[in-house]
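Heads up, the next two complexes both have subunit A, just with different partners, subunit B and then subunit C.
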Partner chain A sequence: MVAGPISVPLEVYRYRPGVDRAPTYQRYTLDAAPHTPLLSLLLRIRAETDPTLSLRYSCRSSICGSCAMRINSRSRLACETPVGPEIERHGRIVVEPMASQPVVRDLVVDQSPFWQRYNAIEPHLKVDPRHPMPEGQPNPMTPAEVERFHDTPRCIACAACYSACPAVAADPAFPGPMALAKLYRFVVDPRDAAHQDRLVRIQTEGLWLCLRCHLCTEACPKNVRPSERIRDLKEMAIAAQGATEHGSRHAVGFKENLRTAGTLHESRLVRQTFGVAGMLGQLPQGLRIWRKKPEVLHRPKPIEGLEELEKIYDALDAQEKEGGR
Partner chain B sequence: MKFAYYPGCVAKETGRELDMATRWVARALGIELVEFPKFACCGSGFVDEANEVLNVAINARNLAIAEAAGLDLLTICSTCQGMLTLAKLRMNDPVVRAKVDGALRPLGITYRGSSDVTHLLRVLVEKVGLPTIRARVKRPLTGMKVGAFYGCHLLRPADEMAWESPEEPHAFEDLLAVLGAEPVQYRGRVMCCGFPVQFVKPETAGRVAGQQILDAKQHGAHAMATPCPLCHISLDAYQGPAAKLVGQPLDMPIFHLPQVVALAFGATPEEIGLSRHLVPTAPALAKIVARP
Partner chain C sequence: MLRHEVVVVGAGLAGQRAALAAVEAGRDVALLTKLHPLRSHSGAAQGGINAAVGAGDSVETHIFDTVKGSDYLGDQDAIEFFCREAGPTVVEMEHFGTIFSRADDGSLARRPFGGAHFPRTIYAADRTGLALLQALWERLGKEHFTLYAEWDVTSLIVRDGKLQGLVALDRTRGEFQEIAAKAVVLATGPAGRIYAKTTNAHSCTGDGIAVAYDAGAALKDMEFVQFHPTALLESSILITEGARGEGGLLKNASGERFMFRYAPNVQELASRDVVSRAIVTEVKEGRGFPGPYGGYVHLELMHLGKEKVESRLQEICDYARRFAGIDPVTEPIPVYPAQHYMMGGIGTDVHGATNVPGLFAAGEAACVSIHGANRLGGNSLLETLVFGREAGKAAAAFAATAPTPQVHDADLEGATAPLRAWSSRSDGEDPSALRAEMQRTMEECAGIYRNEAGLLEGIRRIRALRQRFANVRVVDRSTVFNLNLTDALETGHMLELAEVILVGAFARTESRGAHSRTDYPKRDDARWMRHTLARRSTDGPVLDYAPVGFTRFEPTERVY
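What follows is the complex of A and B.
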């Protein structure tokens, strides 16, 4: 049975930089069936009410990635967002342009920052010039090799993950979830010749700024799961080069810390991460914390059965050596 | 009601006030917390970055300890909840399972996957139930506007954590309302606290934390409350630097989840360690309207 139409109140971000003094939210109310995609309503507004409403779209089928926008604060594709559930949850639909990119007009953003950060880490195939790909012939991969890509080749570059990412918003040095997921794809691509170089470079090019908040994985319309691939890259980067940056030193320090006590020894971990000299920068806030929470300098009591933990570490190390042989 | 109590390492050290408040609430509700000195730290997401299989193995051992006692685990940290849940899911992968079993078996440890892992927030809302909690409220938090702050790993990845909508959760707000407080709706409540990069690039962590506190403040919150002690570190212990980074005073008291429950049940600030917070909580408590 097809559901009858509902009333859909929309509040759409309108802004012409350089012309308007500030952005405004224009209200429209349309009747539509609950399953109607938001994009269809925006296009109806443009066709029937206001031809100046600017937005980007193309395929209307979740393939081209053009119509990503913030819909009730979530970064997602307008073509695959039915209006019914939004109205049920929020009573209205607030439509805004994607975050972390300057607005060109209304819902259209300038994607240059997104692509600049992407291009900076070169997530494209780099073939060894000494072993060029066979001209005019297929260069097949085994199913096992393809499986290592996970779902990263499904990315449609819609930038929803970039718009949803708090690290992108807070730090221009973070490449963004899509760029890193794509980088992962080439790190495991058997045809790529730059694996090691990529893993070394990315440690200083923003890998460790990922907050592992998984907002990208929730935003992605194609289930690429960037946060999980970024985790993979972190482990691979440590394996390739060791812990060279604050982020990797913290991860490896935490792991070693746990082996020696089974629980966290906070002050030692800070020292492992920043080094003795680097700890000076942490000192003022550290003292403020210590005044309220003197345990920050405590040496925690090791857990019972710590030797079990040590044996688990050793057994897995041995397994890895065995497997690597 | 009886659980294997998994406090996590922060609540045992710098976040002791969280442990104090948890025990207070558990006593008030007759929840028995069984302690296991053999529990190891969950790895806090950092060990997962360094070595995924090791992280699963450490947590499979934790889970096996509770299983051997026939108990489900109770967590009081969004990150512990996330890591233990993740370990259970990863143990369904035969390759990971074989590696982990290979490390645990010689120690006589058997992981079965028979114990559930549940965060205190979920226990309060779903197992104890809001009517029971309502009946226990002695001093409603009427007049205090509180912004719930969930902590990423309680909600996401949503298909793995399998609980509330990661965008529109409501358990915490429902609980706050039953305690008499006014829950504040703001986007930041499901965002990140910045903690994971606190020791990578403190400025970035501070900007992320400051953004969420500012959002709560702009929506009228007198205080925020979190079910995650790592979020508490970021939002309370590092609020000073965060305020400088967002360029405005924040002065936002940050409660741990069981502290707000204990307060409404009649606990004194001393009993739940409020003096251990860096941002004073008194201004928020002053908003509570005394009952006529």
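What follows is the complex of A and C.
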């Protein structure tokens, strides 16, 4: 049942800002059974060889969200990362602090940017004073309504998604996967009275900056699947307000393009996204494309088999009308 | 120097609820925690929260079950108050936004739990603590208060027997700070890490209990330590009682449902002390499974079906798969008891008041006592919210009329001089090594079964460790996020509490609830139906006793 110990070479990021000139990677090699979680090894280092190694940890059972870090470049919880598979795949384990958050020391990062984004979505129930909650009684909620939360209530705010997200790294205006999954949790809550306001606001506050790379969903240790909930938010936002933002107009235009021709008519998509006046801003880019590949800007010929594509769209529309997906 | 009217230490459910109550009472409130509030150990609670709201259930039955579960050491007046508050408390948390699991008719779903006559445990899958913690933090987030996250309390400032404030270490800056306060609420949770095998988080080191003890507060019933019957083998990660509530079975190596022999009426759903002793006895008498991590028994969920196991026990499915490589849908889970809960703590009344004016406590750090000698599953989440709120209200009322606290720079100097000395030693004891020896000692000498020789040996060993701790050395000289320093702080706290547990257990020559003396196997109501109170002295804990609050439930033999 228990495999024998293997040798686990670790390279651990060490850095004290203001004290050390630059980060270094310290090597430790320990023997451990392959199923041993990385956190256990880091704690063994602290207890047995080097008490100066600094990191966050608490529950060791993937529920407190403290020990997220980059492990062989992937953002995940050290407490639920067994060392065996890492060694098999990479031959060593490189342990680094999470990305997009300044290093405080070693593996400890300053999470205030993460918490600020979480607070910005106003993560609390907003109740309509005209419809107060039932006095002395819980609000009724059917199991089907609970299902609508998907796995968002499992979020432990570990920030692994935040660390993995390239949009967070690139654009401070992007709320990040965790905050958006949290927003989704309130938007589908039958007790919350501000669904519409929340959806309208998020359209201009970063919703459309998501790159749809799904790295958040891959990183999440609790199966929250933030990218799928972001997709849901986008659909709900368009349904609530129509396509008012560049992002939503691009999405709607994209769909319309595919439906009419089975491929993109780039210049038309630019107009659909930015409007006629807005196209002026895209002129330099347009000129560059025109010089290199002018055919991209022409109206494309409908693709072969467009009828099949249309059937798919019709079927999807019918399904949407029924309310399923 | 920082000043607040009310400082709440610990930001789990009890601390947050206390802070909310104090803010609502109009006080200037600070919430201080060595973690981020959402990382508190309350979030690890799995099974649920008790409230007798189902048709056919009654508050009376909840009261009786709790009194019986406590092995008649719980204060019946306090338990009556506690159980009456259950319904409104759960409703309040639902209104705050908690996403509970639901029955088909849209009401709150309930599951059976050990020691209860009725399915009265309301839950959110098997992450009820997390669901409550999220909702309370979201609710509290609407209020104005000061958050000191990643600050460790190091001592309380008491003058003429009255609380004036506290001293804490700001981990991120590496600075000790004084905070003047008219009232302090300690809600720092348990000290489970005193033991080698515990379901508790690494952060559960009893800091608040220890600083209260140092400041002259009486600790109550510290010898009563609950061992959870079903902790995952090796890691001791908790497998919720909800697993048995949903129909999970315990089997020994010959496939026998051995609980029939220990609790013929309710088998797996006997109270925790009973089930834990049964498992230990099975293994000790050779009927367990052997293995490199010690003997164990099986918890079987396979017969419940994939759908039920994966929906209602989603987290523990993940735990078993990730941490033991076991799929509970198709395989039994190897389990063995591990330290789980401390019935004892800082002695308080039902309003959280301690014997030190201005000092309040709530949650697992406190002992009211409603759990007596053994806590029922589903009662601790309820306790954090009911008594967190009471303590917050009482602290706010106290602060409203309290004089300006007297805190001087010399207090900070005096309180931190010994701690700073740890870092200037060129030679001394390693806190991690002392901690490991303490954990081994407590496991061997103050575990599920205890006896005089073992407890004496434990006292001797812990006192020796405390002497060595006087020469503890912190080798990390960096100021920022110095875990070597916080390790030493926590180890010092735990060593003090370990001694109190042992001394209380040695003195109590009976078996009651979770305290099982093999040399005194019977409950002795004539001598021991009373609370232990431990106060600090230079020669170790001084014990005193207090009567149990008694209303109408005559003690009878406890059979499940």
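Convention: the second predicted complex is superposed on the first by the 296 of 325 C-alpha atoms of A that agree within 3 Å, B and C clash if a C-alpha of one lies under 4 Å from a C-alpha of the other, contacts with A are read in each partner's own complex, and residues count from 1 in each chain.
As a working rule, a contact is a pair of C-beta atoms (placed from the backbone, for glycine too) under 8 Å apart; a residue touches a chain by one contact, two chains touch by 3 or more.
As the structure is a computational prediction, the values presented were derived from the model and not from experiment.
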item	value
Clash or fit (per the criteria above) of subunit B with subunit C on subunit A	fit
Subunit B versus subunit C as contact partner of A:Tyr13, first or second or both or neither	neither
Touched partner set for A:Thr273, first subunit B, second subunit C, both or neither	first
First (subunit B), second (subunit C), both or neither touched by A:His298	first
Once both complexes are placed on the shared chain, angle at subunit A toward subunit B and subunit C, C-alpha, multiple of 10 degrees	140
First, second, both or neither for A:Pro140, with subunit B first and subunit C second	second
Which superposed partner A:Ile238 touches (first subunit B, second subunit C, both, neither)	first
Partner chain in contact with A:Arg46 - subunit B first, subunit C second, else both or neither	second
Three-chain overlay, closest Cα atoms of subunit B and subunit C, distance in Å	16
Touching residues on subunit C, where the partner in the complex is subunit A	35-36, 38-41, 43-44, 88, 90-91, 94-97, 99-108, 124, 127, 130-131, 134, 138-139, 141-142, 172, 201-203, 235, 237-238, 291-292, 314-315, 318-319, 322-323, 325, 430-433, 436, 475-476, 478, 480-484, 487
Parts of subunit A lying in touch with subunit B, wherever the complex brings them together	73-74, 89, 166-167, 169-171, 174, 208-215, 217-218, 225, 227-228, 231-232, 234-235, 238, 245-248, 250-252, 254-255, 258, 262-264, 266, 269-270, 273-274, 281-282, 285, 288-289, 292-293, 295-296, 298, 300, 303-305, 308-309, 311-313, 315-316, 319
Residues of subunit B defined as touching subunit A within the complex	9-10, 12-16, 37-41, 43-54, 57-58, 61, 99, 102-104, 106-107, 109, 152, 156-158, 166-168, 187, 191-192, 194, 196-197, 199-204, 207-208, 211, 237-238, 240-241, 275-278
Of subunit A, residues touching subunit C in the complex	1-2, 16, 19, 35, 37, 43, 46-48, 51-55, 57-66, 80, 82, 104-106, 108, 111, 115, 119, 123-125, 133, 136-143, 145-146, 149, 153-157, 185, 189, 191
